[in-house]
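In the two complexes below, chain A is the common chain; its partner is chain B in one and chain C in the other.
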Partner chain A sequence: MVVNLKSHQSENRESRLGSITGYNGTLRDLHTQSGCGGPQNKERCFSQASLCNAACALGLTSFIVDAVIVQHSPSGCAVTAMTVSNATDQLAATINLDNSKSAYVCTDMNEADTVFGATENLRKVIIEIHKRYQPKAVFIGASCVSGVIGEDLESIARELHEELGIPIAPIHCEGFRTKIWASGFDAAFHAIINHIVKPPQKKTNIVNVINFFGGARKEITEIFSRFGVEPLFIITNTTVEQLSKLSESVATMSTCGTLGTYLGSGLEEAYGVPYIRSLQPHGMAGIESWLGELGKVLHKEKEVAEYLAEEKEKYLPKILEAKKKLTGLKAVIGMGPAFNFNTTRALQELGIEIEYSAAWHFDKQYDDSKAPNAFQYLVENSPNNYKMSVSDLQNNELLNILNTVKPDIFFARHTGSAVWAMKLGIPAICLYDEYAVFGYKGLYNFANAILDSVTNRSFTENLAKRVKLPYTDWWFKQNSDYFLKKEEVNNA
Partner chain B sequence: MAEKKVKQIAIYGKGGIGKSTTTSNLTAALSLAGYKVMQFGCDPKSDSTNTLRGGTYIPTVLDSLRESTIVKPHEVIYTGFNGVYCVEAGGPAPGVGCAGRGIITAVELLKKGRIFEELDLDYVIYDVLGDVVCGGFAMPIREGIAEHVFTVSSADFMAVYAANNLFKGIQKYSNSGGALLGGVIANSINAPYAKDIIDDFVAQTQTQVIEYIPRSVTVTQSELQGKTTLEAAPNSAQAQVYKRLAEKIAAHTQSKTPKPLDVKELRDWAAKWGDNLLALETGEIRSEAAGI
Partner chain C sequence: MPKILDQPRYVCALGAMQTVQGIHRGVPILHAGPGCAQKLAQGIAGNNGDSGYISPQIYPSTNITEKETIFGGEDRLKETIENALKVVDGDIYVVLSGCTTEIVGDDIAHVVGEFSDSEKPVVYVETAGFKGNNLEGHQWVVNAIIEQYLSKKPAKKKIKGLVNIWGPIPSYDPFWVGNIRELEALVESLGLTPNTIFGEYRGIDNIDKVPQADFNLLVSPWLGLDTVKLLETTFGTPYLHLPTIPIGAFESSKFLRAVGKYAGVDEKLIASVTDKKEKEYYYYIERNSDIFLENRSMSRRFSTVTNAADALSISKFLVNDFGLVPAKQYITDATPEQYREAVSQYFKEFQYGIEAQVFFSTDGYLIDEDIKKNDYFGAPLLIGSIFEKKLAEKLSGNFLAVSVPIKERLILDSSYVGYRGGLKLLEDIYGYVLRKFN
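So, the complex of A and B:
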């Protein structure tokens, strides 16, 4: 176990898990390198803009229905508030949740605050926000500025916790701490475990399902009822009260290995709640592993096997039919590592060949010190040793790869990157819904969506004809790893 | 008529080495020589100009920043002994905020206001806190704010270490229009070996001693009255030393890039002097360092 809950802050992924953002090679070479103290991270001599880990940390926590985020930063850092404010309202409305106690505010640090320190201002903002919204918890988001000048967030949190009687949890997501935005998830979960989760009073039949938006809430609730358990989809649209009882749950599982590792391992370490290590529920092997491992923990192997058999009977013939039309298609995939590996496996189940895979970072291990199951599965089962790059969403590299490979289709998880492939005339699917490939049924629907995309190409082709890309011919003639420094820098 | 060029000088040195004392006496001496001088204290303690103002504190530039981003000159510029202008950058309370950023902000605020030009100054003398520990403390030597840097150093190793660090800072900015080194003001030089140590250090780093200032009880007596030596004891021998320093600095025109010692060189250099001093203490006569 490498989750250190005694510290005020989570360690970043680079040092905790040996994670990297710079690599170019193949699937199995990356695996080989991971086994010998590596992989070595390759620095870039040129880098496009990427994402700050604060966006992950505070974006995620802002979806808690009765907590307030106070970002202690200049106002520009609080851009995340713009992207989440609509989504939080819409999601809460879909499941009839009152999120009037939630808010996302910023202390708007200015030059004088930087020089003199601004913890008193932070204190005033939290007291005011407590008066206005009466939240059940406040998360203080750190920033580069508050970090550089050494603002004592822990003391403010402790004092205000005593004064206001609610958890005040600093999240140490200073931007300079890490190049891997997923370190922000860890920072948020560290704060939740240490400040929100309470020791268990009893054991419940709840399974913590770590995910983003709970899209398959209804379906999973029905499935789990067959095993005598209830899912709690965390942390979006959960209450502070619900989060405080995560320690009472019977198990924790995740739809994303990247997202889940810190909270899953942390709850296991602190409160003995088993964290289910498995493939994520994408496609056939995924759902079999995901529910199979849950069945073992719950001692419900028989019930799980029955469910899987029913699904298989219902959908496998249809999947095999669709597979005939998809087999031989060549694809490029560009996603965060966990969704990348799990979606790749599902695509291979449909007979699609991955030619190039771009992952937005790479964890050689999770917090159990073992390689991610989904990565290990591909190393052992992928029919081809496809090319792989690791970048923190360097769009220039992605476009170079797409332009060189010219695949039949591109798979993304971020709306912004899908459209870039389309500008090159390559059909693309954005798997924004994390449950888009959930189990047998999801795989069948996904197969149809792919077929639809590669068949109906006119929009993509017309778009490509009318778009002038910002990249030069020179760039498209270079290798995509052109900007990776040749000397290797070990940041493990 | 061409606009008069204000001569801007930054004085650095380890904390407690007598930097503010030396700077204030230099300011006073330049003023008595007929120049219009401003002393700009760059230390959050904001006590650089105390002895020019009868031991009193003045409101700081950063105090005014709390109210507004535009500095009103009358709020931050105070006159002291013989009409010298006194400014204190100010800064955060100990343990909070960022003093380095404070110095950057304070200097920029004053620059923006074109206050130096309006006051028709001959000299601005920055008295900068301690070591060049971060970017803020390098502000006066960056971006052509000061042209000449002098460092106050005694013969103590830690003072020399701080001076050497300053030389590194100057060297770093020397190619981008930063200030260059005028020389070392050797302070508290009484023992014969102290002069030898400083002389050796400036030789190693290819700079010069601009003046030797002996330790003197007159300075202490003056400071206890809240005054510079120039004000409290203008006819004393020590006052003449400061006047000589002022004359040399007024005549100084060409500063240079120093050659700081690297970590190992500095350690070896210190070890050599450690041996020499031990030999001196035990009566071994081995060099001119014995002062014989």
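So, the complex of A and C:
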């Protein structure tokens, strides 16, 4: 068990799970190397900007409808407040939630603060925003600056919790702490388990569904009602009160293994709420595993089987029809590991061949010390042992790979990725919606989205004809792993 | 009141990476944390063009981790620059430092100094987040290019009629490309040759021409004054400072007369240009006046809640061109103290002796509370960022987002500058007004 709730912060993924950001090889080689302390991470001697774990931690937390984020940082870190502005309102409006008690403010640290410290201003800011918004909880977001100068966020939080009578939860998401931005999710969830979640008073029929934005809320609510349970989509669009009762739920599951591991395992360890280990609900095998495992926990195997049979009857013939047209297409995929493995499986269900897979990082295990189900499934079932890299969102590596492999289509999920394949003339789909491949119906829609993309190539080809890539010819002649340092770095 | 940024509308100095990206084939190299670039780009540019020839995912970055906070990151920076020059195909590389690397004391100037003989220019700017905001950072980047690159090149002859135009900030002004192009078109209409360094296909060639201009034209209330003064001392180029970015017929004609007079353009030519443009402009105004006049939901009075440049230019347009009366105006860009008096004064120079009170604050909550106390004699018109939307709805007012964070709109080549810009601004204001029963 690696979730350590006694500590005031979560360990980063590199040291907690042995996760890596640098690897080049194949699917099954990566699996072979994952035993006995491996795989070993490789550093790079050249890198491009990736992502910040604070953006993951505070971006997600800012969608709690009655909590305030106070980021103890210079103005730039609080750019996330601009990014989520309006989005938080739009999401709240989808289910008529009042989010007037939420806000995202910043202590705007300046040069003097870096010399003399600024915990006194932080204290005053929290008291002020408590007056302004009457939030049900305050999250203090750490930053590189607050971390480097050693600001004592824990003491401030403790004192103000006493004074204001609401949870004041520091989130230790200093930008330099980790290269794996998903560590930010863990940091936020650590704060939520430790400061917000209360011991259970009773048991409810709620299933915690850890996800991003609840896009399939209606559909999943209907499905779950057949099993006598209600989904609670967390943590966006929830109240502090709802989060405080996560311990009372009948189970926890997740649409993303990377996202869910810390909170799922944490709730299981602290309060015995079972965390459902399964594939994520992408495609056929995914939904069967996701709901199948839920059915076992709820003792509703029969109801689950009935639902799946109905869906299969409705969509399988259509999916097989689409599969005929897609079989033989060659694809490259570049995503975070959980979506990567689950989407890959769904693509293989459609007869598409994965030629190369780039995962932005790799967790050889989750917080239950077991390998991610979705990875294990591919190791056992993938028709080919495709090439694979773990590449920290490095665009130069990705374009080098795409230029060499020249697939029929590229699949992305992160902001600002898909267009780079299109500039090479390769059609691309960005799976921005986490539920885009949800179950049978999602797979059917996805199949047709792929067909549309490879059929009408106008946008891709028109763009590709007119742009120049920002890389030198020299770079395209190198191997994609050119900048991976030859010596290996042991995380542990 | 504690130091608090509630509803942030600017970012830190490192946000000036957008200024580098705004230079075609300019490449920012970040000596900063792994996520600074992507975060800043998403927040400032949002869905309004944070990609292009390069994007944050292309920026070389040292992606500082705990190791460099302990042992320093100079070696890491050096290998990153070396490899950036090999991998990324650019014309000018600008190294920007972040918070951590400056606190741990990395000598960025020294590291960059080792690249003084490289084929492509490499300059550096200290843009630690705690040192200033992205407006200041923008100015530091431009000044660094002048001091570390341009001033070292052999002097070239002046080009007659060449005018450098400075003003809109890439990305931070969501309409920057369109606005700069429109300023160019205005200057060009006087028979002068505009020179700007931002946006498509200008790049290093236009940067190289900066010292050859007859004069520098700064169109901004305060930002950029350091730059034009630096250009004056470095290359002896005089400057014309016009605080108001012209929107609509009145200010655009005033702008053309001021620039024309300064450049020694024949008065008759100026008059013929302004006459023609005004005629065109009033063709559209005349055709649509009924809508302006016969309307139940349009506001009488307005407030802008935005940076000094937009607040001033929009106010001037709505008052001097469109006949509205200003309520209090809110300036959110942390205008430095030394410029505040001058900026306030600009709001006292409307037609007919009309004046507007100015409130400087970076605390959106205080601004909201203050707006609630104003008397708008009906529904207010609030023009600012998306942060004003909820308040406008609450006050049953009209609303338009023109500055970051802007959201809910896509801007490609639109502009609010010039004669056409005034028409566009009216289109957008009435796009909101006409959603209500009229």
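Everything that follows uses one rule, which is that the second predicted complex is superposed on the first by the 490 of 492 C-alpha atoms of A that agree within 3 Å, B and C clash if a C-alpha of one lies under 4 Å from a C-alpha of the other, contacts with A are read in each partner's own complex, and residues count from 1 in each chain.
Everything below uses one rule, namely that a residue touches a chain if its C-beta (ideal position, glycine included) is under 8 Å from a C-beta of that chain, and two chains touch if they have at least 3 such contacts.
Quick caveat: nothing in here was measured; it's all calculated off a predicted structure.
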First, second, both or neither for A:108, with chain B first and chain C second: second
Chain B versus chain C as contact partner of A:148, first or second or both or neither: both
More chain A residues in contact - chain B or chain C: C
First (chain B), second (chain C), both or neither touched by A:47: second
Which of chain B and chain C A:119 touches, first, second, both or neither: first
Touching both chain B and chain C, residues of chain A: 111, 113-114, 118, 148-149
In the complex, chain A residues that touch chain B: 111-119, 148-152
Partner chain C, residues of chain A touching it in the complex: 45-55, 73-83, 85-87, 89, 103, 105-111, 113-114, 118, 121, 124-125, 128-129, 132, 143-145, 148-149, 175-179, 181, 393, 395-396, 415-417, 419-420, 467-472, 474-475, 483
Chain A partner contacts - residues on chain C that touch it in the complex: 1-15, 27, 30, 33-40, 42-44, 46, 50-51, 53-66, 68-69, 79-80, 83-84, 86-90, 98-100, 103-104, 128-131, 133-134, 362, 365, 386-387, 389-390, 404-405, 407-408
Complex contact set, residues of chain B against chain A: 62, 65-66, 69, 91-93, 96-99, 101-102, 105
